[in-house]
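Below you'll find the structure, written out as structure tokens, and then a few comments.
Labels run A, B, C, D and E following the written order; every chain starts at residue 1.
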Amino acid sequence: MYMAKVIGSVVSTQKDPSLVGKKLMIVRPIDSDKQPIRFEQVAADTVNAGIGDNVLVVRGAGARRADGNAAQNAADVNDCTIVGIIDRFDK
Amino acid sequence: MYMAKVIGSVVSTQKDPSLVGKKLMIVRPIDSDKQPIRFEQVAADTVNAGIGDNVLVVRGAGARRADGNAAQNAADVNDCTIVGIIDRFDK
Amino acid sequence: MYMAKVIGSVVSTQKDPSLVGKKLMIVRPIDSDKQPIRFEQVAADTVNAGIGDNVLVVRGAGARRADGNAAQNAADVNDCTIVGIIDRFDK
Amino acid sequence: MYMAKVIGSVVSTQKDPSLVGKKLMIVRPIDSDKQPIRFEQVAADTVNAGIGDNVLVVRGAGARRADGNAAQNAADVNDCTIVGIIDRFDK
Amino acid sequence: MYMAKVIGSVVSTQKDPSLVGKKLMIVRPIDSDKQPIRFEQVAADTVNAGIGDNVLVVRGAGARRADGNAAQNAADVNDCTIVGIIDRFDK
């Protein structure tokens, strides 16, 4: 999992059927000092995150299990999902 | 998922059977300001993207589910697929 | 697997059900001279690691097998887990 | 998939049984201007690529499906395979 | 697969049960000129590699198939394995 900040969203009408209905958020990875690291990605939101929220993001097969759909959806193309909103960084 | 711009395509006649018939596009990852990031890759197109389009790209197992073929194709080698055309970046 | 130092933890109440009950630790990858490399991530702890410990971290499907749950948990979103505490680096 | 140039091969006699008989080529990733990017890897060849060829390389599970063996080989350790020879870059 | 040099090992007593009995080696990725690239990782050895050997390393699911255990071990957390000792780089 990595930490990221939600900085926007993308609109895409011509897309894979499995992405229909998903909120596609632009996330910028951050470190625990909230400094930007690595590079932006697009993640499907499943915890009602909003712009400005610091979040937890998973990638790969784990990302396809987070959409409130315990069974692994054979047709889901998504590989990046927001799975938590960070309340606090304890260091 | 990452954002990318379609900048070309590759022609390959001597290739794995599972790649036959796929449009192999050269994609350059971008951030939400449309600036290039990371490095170019080749992605199979499944949403009729053209050169100059900004697109959504998935990698790994998700890439093998996007070819309009819900069942996971046991012989498909593809690991990178264009799954959406970006209409708008909202920030 | 990579080597990392545990530098803190994150608190997240609004998260995927499969993350409930997991200790979410902030880990900073290190090399064998204990120098920081790459970028911070969040890993679920399964070996009782504490802040300051040097640890072994796995990612991807392997991360979902470490939570003392041999059967692959179909709904587990986690993709990063602490699987060992490093006692010594022998070089 | 990424683009790469074949620059050599490695010889390894003490190796995993599933690698026996595979041509292990050294590949250097390139961009569509044929400039080197990222870092060298070793890929199993399945399309008769030779030194100097520009090729398409896949990684992860897709790499294990390219060895002319449609069924996913449960014991195959390979995670990187040459799946096409690039004839032309169209930009 | 990537090329790497074995530069040491780690000792870990408090670890996931599936790592017990595995030789955990510190590997530093190299290119075909034996120059260090990327960053150190820890890999389970399955071919009797020793410190100073140049080796082939796989990651992800492939790494869990190399431990002489053709059936995919459902509880194995390892995601990085040494699968060959390099005798020669031919360029």
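Note that in this section contacts are C-beta pairs under 8 Å (C-beta built on N, C-alpha and C of every residue); 3 or more make two chains touch, one makes a residue touch a chain.
For reference, the UniProt names are A, B, C, D, E = Ethanolamine utilization protein EutN.
These numbers come from a predicted model, not from an experiment.
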Between subunit C and its twin subunit D, rotation from the CA superposition, multiple of 5 degrees: 145
Whole-Å separation of chain centres (CA-atom averages), subunit B against subunit D: 19
Centre-to-centre distance between subunit D and subunit A (centres being mean Cα positions), rounded to whole Å: 31
Contacts with two or more other chains, residues of subunit B listed in rising order: 60-61, 63
Chain contact topology (line, ring, star, complete or other): ring
Order around the closed ring of chains, commencing at subunit B, then subunit D: B, D, E, C, A
Parts of subunit B lying in touch with subunit A, wherever the complex brings them together: 1-3, 29, 31-32, 37-38, 46-48, 56, 58-63, 65-66, 70-72, 81, 83-91
Complex contact set, residues of subunit A against subunit B: 7-16, 18-19, 24, 26, 39-44, 51, 60-61, 63-64, 74-80
